[in-house]
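Before any comments, here is the structure.
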Amino acid sequence: MIERRLTELLRQVAAGETSPEDALQRLGNYPVEALEFAQVDHLRPLAQGFPEVVFCEGKTPEQVVEICASLERSSGMFLATRASAAMQQALRARYPRCEVHERARTVFLPPDPPVPPTGSGVILVVTAGTSDQPVAEEAAVVARAMGNRVETLMDVGVAGIHRLLRRSEELRRASVVIVVAGMDGALASVVGGLVRVPVIAVPTSVGYGASFGGVAALLAMLNSCASGVVVVNIDNGFGAAAAASRISHRQDSE
Amino acid sequence: MIERRLTELLRQVAAGETSPEDALQRLGNYPVEALEFAQVDHLRPLAQGFPEVVFCEGKTPEQVVEICASLERSSGMFLATRASAAMQQALRARYPRCEVHERARTVFLPPDPPVPPTGSGVILVVTAGTSDQPVAEEAAVVARAMGNRVETLMDVGVAGIHRLLRRSEELRRASVVIVVAGMDGALASVVGGLVRVPVIAVPTSVGYGASFGGVAALLAMLNSCASGVVVVNIDNGFGAAAAASRISHRQDSE
Amino acid sequence: MIERRLTELLRQVAAGETSPEDALQRLGNYPVEALEFAQVDHLRPLAQGFPEVVFCEGKTPEQVVEICASLERSSGMFLATRASAAMQQALRARYPRCEVHERARTVFLPPDPPVPPTGSGVILVVTAGTSDQPVAEEAAVVARAMGNRVETLMDVGVAGIHRLLRRSEELRRASVVIVVAGMDGALASVVGGLVRVPVIAVPTSVGYGASFGGVAALLAMLNSCASGVVVVNIDNGFGAAAAASRISHRQDSE
Amino acid sequence: MIERRLTELLRQVAAGETSPEDALQRLGNYPVEALEFAQVDHLRPLAQGFPEVVFCEGKTPEQVVEICASLERSSGMFLATRASAAMQQALRARYPRCEVHERARTVFLPPDPPVPPTGSGVILVVTAGTSDQPVAEEAAVVARAMGNRVETLMDVGVAGIHRLLRRSEELRRASVVIVVAGMDGALASVVGGLVRVPVIAVPTSVGYGASFGGVAALLAMLNSCASGVVVVNIDNGFGAAAAASRISHRQDSE
Amino acid sequence: MIERRLTELLRQVAAGETSPEDALQRLGNYPVEALEFAQVDHLRPLAQGFPEVVFCEGKTPEQVVEICASLERSSGMFLATRASAAMQQALRARYPRCEVHERARTVFLPPDPPVPPTGSGVILVVTAGTSDQPVAEEAAVVARAMGNRVETLMDVGVAGIHRLLRRSEELRRASVVIVVAGMDGALASVVGGLVRVPVIAVPTSVGYGASFGGVAALLAMLNSCASGVVVVNIDNGFGAAAAASRISHRQDSE
Amino acid sequence: MIERRLTELLRQVAAGETSPEDALQRLGNYPVEALEFAQVDHLRPLAQGFPEVVFCEGKTPEQVVEICASLERSSGMFLATRASAAMQQALRARYPRCEVHERARTVFLPPDPPVPPTGSGVILVVTAGTSDQPVAEEAAVVARAMGNRVETLMDVGVAGIHRLLRRSEELRRASVVIVVAGMDGALASVVGGLVRVPVIAVPTSVGYGASFGGVAALLAMLNSCASGVVVVNIDNGFGAAAAASRISHRQDSE
Amino acid sequence: MIERRLTELLRQVAAGETSPEDALQRLGNYPVEALEFAQVDHLRPLAQGFPEVVFCEGKTPEQVVEICASLERSSGMFLATRASAAMQQALRARYPRCEVHERARTVFLPPDPPVPPTGSGVILVVTAGTSDQPVAEEAAVVARAMGNRVETLMDVGVAGIHRLLRRSEELRRASVVIVVAGMDGALASVVGGLVRVPVIAVPTSVGYGASFGGVAALLAMLNSCASGVVVVNIDNGFGAAAAASRISHRQDSE
Amino acid sequence: MIERRLTELLRQVAAGETSPEDALQRLGNYPVEALEFAQVDHLRPLAQGFPEVVFCEGKTPEQVVEICASLERSSGMFLATRASAAMQQALRARYPRCEVHERARTVFLPPDPPVPPTGSGVILVVTAGTSDQPVAEEAAVVARAMGNRVETLMDVGVAGIHRLLRRSEELRRASVVIVVAGMDGALASVVGGLVRVPVIAVPTSVGYGASFGGVAALLAMLNSCASGVVVVNIDNGFGAAAAASRISHRQDSE
């Protein structure tokens, strides 16, 4: 688009229809378009073919439906996170085909026909306790929607370290691990020491008192004694999935 | 002392040297001494035969020496914690027999002749990393001084979980475990899940940035997913030892 | 199970059915099972004969009932903490025999026939004010369920120090003291100075404004001027009971 | 009232009883000046006859000497707090008569001849531990300098509650009590429950780790379970003394 | 009671009915009663003739009524703070004579016949904004109930400094000032500079965002540039009144 | 200046040119009153002709209506912020002419006939995301009500930097920019670097977990790497508008 | 520069020396330069003719001199803030003409010949106490260097409110007010209520204990009860000056 | 080692020298060794051929040299981070061949002969300001030492957004981006929006006042509006490099 306009302008200059001075002036007015043009290349959707994800909190069900509808029209799919029951219902009513994950509070309208996974390897989502599951499911649903193969390993908290060690086979198969844990967040450090692949730690707000809504787990994970463990915001299953998807789609960017 | 005064007063009453009315009046003036007397029983030194421990921070070397000398005169022994190099030197100069633990910053003048351990079982001090050792040593020195048998297990942080698991024999022998760890404090949870005996967690100020001087480890330990793990103040090796000694001397109180 | 497989493998080697090389290879594949086997010994239930405790927060009543039922089937008993009214009702409906403690929000299905206390000595639960009672009751119920004898001393806050001192007889009888206090948390220090046995301090979220949901009491307790006082998370009556039970069952581990 | 005085003044001017110049002079104290005039009455020095107190931190020794000299010229006395060793030396060199309190870091040049105490009753300064003494001494020195009778009760922390109770006679004599305590700050609550007179709590930065430079004591004191305990900033012995002096000079303002 | 027992014991010793040794033993058993005896003197109600104040938060309406009824029976009066609407209703139903202050959430049953104020001088309650009034009213109601004369000065925040200065007459009449302010808490410093009498600052939770539920005001007040301003907990109108009442009844204790 | 006016006034009284009554009336504005008088000049409504703004939080709908009615009577207009739905309804019922902004929770009764903008230039309100709009609208409504021309630029968060850069024309037209952003607050720094005019940053409470109710954005804005960015309280759209209006009306004060 | 290159390119196209296709390709490679070109307009130095300000903290004296020299070469002037004594010396040695402000830790090399102020009106810098002066001086020096007329009003803290009110004349003359205050930060609110012009509040780290390095003042200022007060980072005199300069140069941007 | 013992045991069983029962018993005693054996596989050095990294803080120069020497002996290389000047000197003295990076405080002894990079793609380290360079260099040195190709992009903070956009070519080449920024941490969000590859954000402690030692940047990064940005601890250049190296070596684990 920008390219067309620039081509035309230059043609006019070459043809003498526009003086260099006028052309300069008009170029001077297009800084943004020029920028846009430049950035078309590296501002493509995060995961190719994947539209913006709708974060529903702080929106009305009507707004959510409207935004999802707009995405559906342009891309044939949408993904909504932190959707309330009302939003889930509204989206299901309009798009019976969509996948509603109640506990994860996500609604996903997959492309039709479905697209095979585009990310390499397997993203493994590991949780410390059953209360961490909603966040873990958000991560799993989002990662799958973004074109990744996902496996899960639930309820392997470190207070019973054997529960985790018994699953070392699954840990070894993963190419990225998302560790979801509240309370003491210790699972991230233990897993970080057991695998060599990227480990993304998600602190959850599970706990009470001095867990301070997930701060204890957040700090523990930021101070993990296992080197190279990275952290996202409390309860941010979406962010962990997006980060894992950046990793599993990494070769695309070279 | 109080006992002597009461005995004498009662003797005088029995001998008719003091009237009951006078005696009552004099007793009426001694509520505190009466209390003191009453509390002699349950306000005995924490570990029998063990005098007050001198916390040196915020005192001058002169003050520390004076207090230790006073303790030495009354009990033939003393224990000083958080002693600076100057204090260590001053105490060693005056009491060549005393044991100086530089890294633990403690000075202990043991009773002469030595007294065999009075606490039951073994207190095991476990550390996550080498930087946690000064705190761990303070705990070990204090626990020994208080009449306990002490063993140590160093540098078994959870990022290399096998280092810890390999030592399960030692863990199993302990009757109280003191876990000393900074950074993510995760070791407390793992150990808490491996043993059934009391576990006292000591967060250390080891770390930087979001460890906030040990707060990350403190919070993680307070939120330990292993049930029944208890916590003391950051870097408080002394407190952990005192708690462990309360436990190992517990049967004395029944 | 592991044991059976190992026995069979060794039998095959002895019988020449499997070569040592093959056996080595197959052993190499069972690290986790081997571990599991090894840990059966020291990963026994915390208090012998006592199954996992169900922390109800963040679960649905249906989930809670299902988990309790599973525990009941395997062990003939269960203990659920932080149970909502709905959960209490659901459990009572299914297990009319169970003990529901409304204020403590716990539901306990005792073994049938009842088991006499297994822990040595008496765990004394002391509270500063009447608002601290729900947490204190959780501690008492849990400690009893875990096989301990429990006594309580209520409403002896330090603003009326005589209320506490008047009860020194009860304090002296205890072999472990759990101090439950909100606001200034001062009771832990006073009790810590009055007794020689282990003292476990539980800060409560009682208070407002600068109590910050129990942080004031937590910090005060961590900084107790009485040496050897240990602390658990805010409102964590369960944790204090589990710690006390570790102490009173301590001799079992030697 | 002001209106009446103005009416009368204007009447006098109109009647020639007062010249415009005199009236101006009397008004001279008005608008902005009038405000100042009005406030002369209630903006008198805090304790009558007492000049501004010099807070030395963040000033150079030269500045401190200059300000003190100015105060000495106008009032014949001065009081400097938080004076460094260099400042203490400089002031002593210039005013050999001045009282230097090294530990309290205060320098006081008393009026000559001395003035008897103007405040009613006795201000009692109580400390939990020996490390709290510098703050306690600042409070004592300032309170005396402000014209109050001051007594002290040192090292009566609640971990040995009998040490405090034994001194109930002194507590009972006080008409205001300043409680200086770091760590758990528990002393304020116990004293607040023992006396009926005003209790001013001064948290100190004594402690380490989770004392957070006195925050633990500050919070505990703000949440004191003894009603009517008031609090000043951490280590603010000066402020506590000023508050106590406001109380003991209170009758002056009626 | 204790006295009687001691008298009898001493009589027996004097009469030879009890040996000094036996008496000593029996005295050894009475430490607490002895203490209780000694403390009867200085553990009188805070303000003479005033029973314990009932803090209703965390209690049921039934409990509140029961406690108030018990106080009414023993003292003919009661004061309940932080009473919910239900509690207010329940108390009013049972004690039609009681004074219910809805905004202050207090219920006061005055003695019958009424008792004239016992505190000296006037306690002035000053507020910065209209939203601070509930806390200010709690302070005023409590202070009056405790036997003090109380005046109020509402809505004189420092953003319109003339509103405050115009009321200097009232400020000057006060013998204690309670300053109630949220947000920036600046009123405490301005008032502290305008009067010489004791100033008690009450931060309120009025505000949003970075007021952090009153922490901004609390910190500002603790750091007041006016010397001798003291502070109580956030929203603690009761505590400020109790402190003011300690001050206005101070002469009683000498 | 005051002095000159007083001298002249007194001269006139002395000369009989002015009666004492008239002089009194003119002085009427003095001492405490005089102060008020003096300040009439610089205590005029913030934006000329603009009455006090009603902050509705913590008030009842009845109180809000009453205060607005009082303002309407005196000034023919009013502006209420943080008005609940009930308040909005009540005001609309009584003043059908008033403008209700539901999302901004403001109600504005404009002067009748309308007054043209009095502030110079254009205030541009920029938001990072759609969830920031309620705060942005509050800012816009208030700024307009205070007599300013306002434009808005919505949903130009920095994660898609081209969305912002594309609008550089609008940025360039602004004479004051209000940046409204939650989460990472990064928009303030980018805008601060793009324009030379004053930039007022409003952190919003949009976010979750470690956004801590807007603290993350607040801190980021206070630490903006663009120099000269100023900040107001979290969600304080009103304050930003008032600050912008102070700026756009600035020339009035010289 | 960009402009020249574009002009040349267009000239070549017009002259047939470059084909439109080649030109397009070359333009396609300049997205950034195109942007730069566009932004030349609104990315001019903050205050016209004013180069980047050098923040010295975290740099070596050599680096500082090198950067300043580079600025001097390009613009004939420089301004360095937070310069250590060593940096001040090094700059003075090389540029004897430069102005060194020791207390403000700034070094300014003014243009030669000097440039008259370019900002409209007067920026007034007001401080609460003498310890706030270094920050206030930084603000004053920077504002002057940026082309503004600056006045100062020192030591007018609100504890002696008359000191401030007496200077209302100076306050009224200001067209922007910078309020510099530590401790309780109350001065910002009082000044904000006294003037109608923009007020920029600078919290300082002056204070101790619960001032938390300026946090108390920062929070108080963010919660100012005077509407439209804006805030910069703690001790950020530079930022306040830059903000004030944005305001006083505001008309330039329209 | 374990392998040898198992082989021997199995050989004995095969040879009939040990019965299966005895062997089982002995295996039962080796759970940990069995584990160790099993974990050899997945507990290999993080990056193949790379030994443990030495974190020097809290160690003495002697200890550092000793540990490095041990690593050198076993692996022919070592990497030490956070090395003080003294440690750098000591290591250089002993290993003249080692690379000392003063600003990054790292010492690296590369393998000899050098090993070509093993990680795929390019790790790009981007910094906001010059003060962030030490942390960025630590990241770069560590990443290179771990076998990665590394590029850097310095001083492209968002206050001059064009500086960053001009370098979009370099951003586009990266396969992992490490963003190092203090103060407002905004660079992470802008870069996160510009690239599709993994972005690791490192907050630095650069800043003052309300940056709280890097907390402002940390929180901003955790709340990044760009999805999929992950975060490590403050100043943790090492951790970011380790995480990036996990990513770039990821394919190895499948």
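So that you can tell them apart, the chains are marked A, B, C, D, E, F, G and H in the order they are listed, and the count of residues begins at 1 in each.
The working rule: a contact is a pair of C-beta atoms (placed from the backbone, for glycine too) under 8 Å apart; a residue touches a chain by one contact, two chains touch by 3 or more.
The structure presented is a predicted model; accordingly, all values stated were derived computationally and were not measured.
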Maximum distance between Cα centroids and subunit A occurs for chain D
Chain centre separation in whole Å, for subunit G relative to subunit A (CA means): 40
Give, as an integer number of Å, the spacing between the C-alpha centres of subunit H and subunit A. 25
Report the inter-centroid distance (CA atoms only) between subunit A and subunit E in whole Å. 55
If you average the CA atoms of subunit C and of subunit G, how many Å lie between those two points? 59
Residues of subunit F whose C-beta touches two or more other chains: 32-33, 35, 38-39, 43, 160, 165, 168, 193-194, 209-211, 215, 218, 222-223, 227, 233
State which pairs of chains touch, listing all of them. A-B, A-C, A-F, A-G, A-H, B-C, B-D, B-E, B-H, C-D, C-E, C-H, D-E, D-F, D-G, E-F, E-G, F-G, F-H, G-H
Listed in rising order, the residues of subunit B that touch subunit E in the complex are 3, 6-7, 10-11, 13-14, 16, 19-20, 23-24, 27-28, 31-32, 34-35, 37-39, 41
Residue set of subunit E touching subunit C in the complex reads 31-33, 35-36, 39, 43, 57-59, 63, 203, 205, 213-215, 218, 233-236
Over in the complex, which subunit F residues touch subunit G? Could you list them? 1, 35, 38-39, 41-44, 46, 53, 120-121, 165, 168, 171-172, 174-176, 193-200, 218, 222-223, 227-233, 238-239, 241-243, 245-247, 249-254
Touching residues on subunit C, where the partner in the complex is subunit D: 128-129, 157-161, 165, 182-186, 188-190, 192-194, 207, 209-212, 215-217, 219-227
Of subunit C, residues touching subunit E in the complex: 130-131, 160, 162, 165-169, 206, 208-211
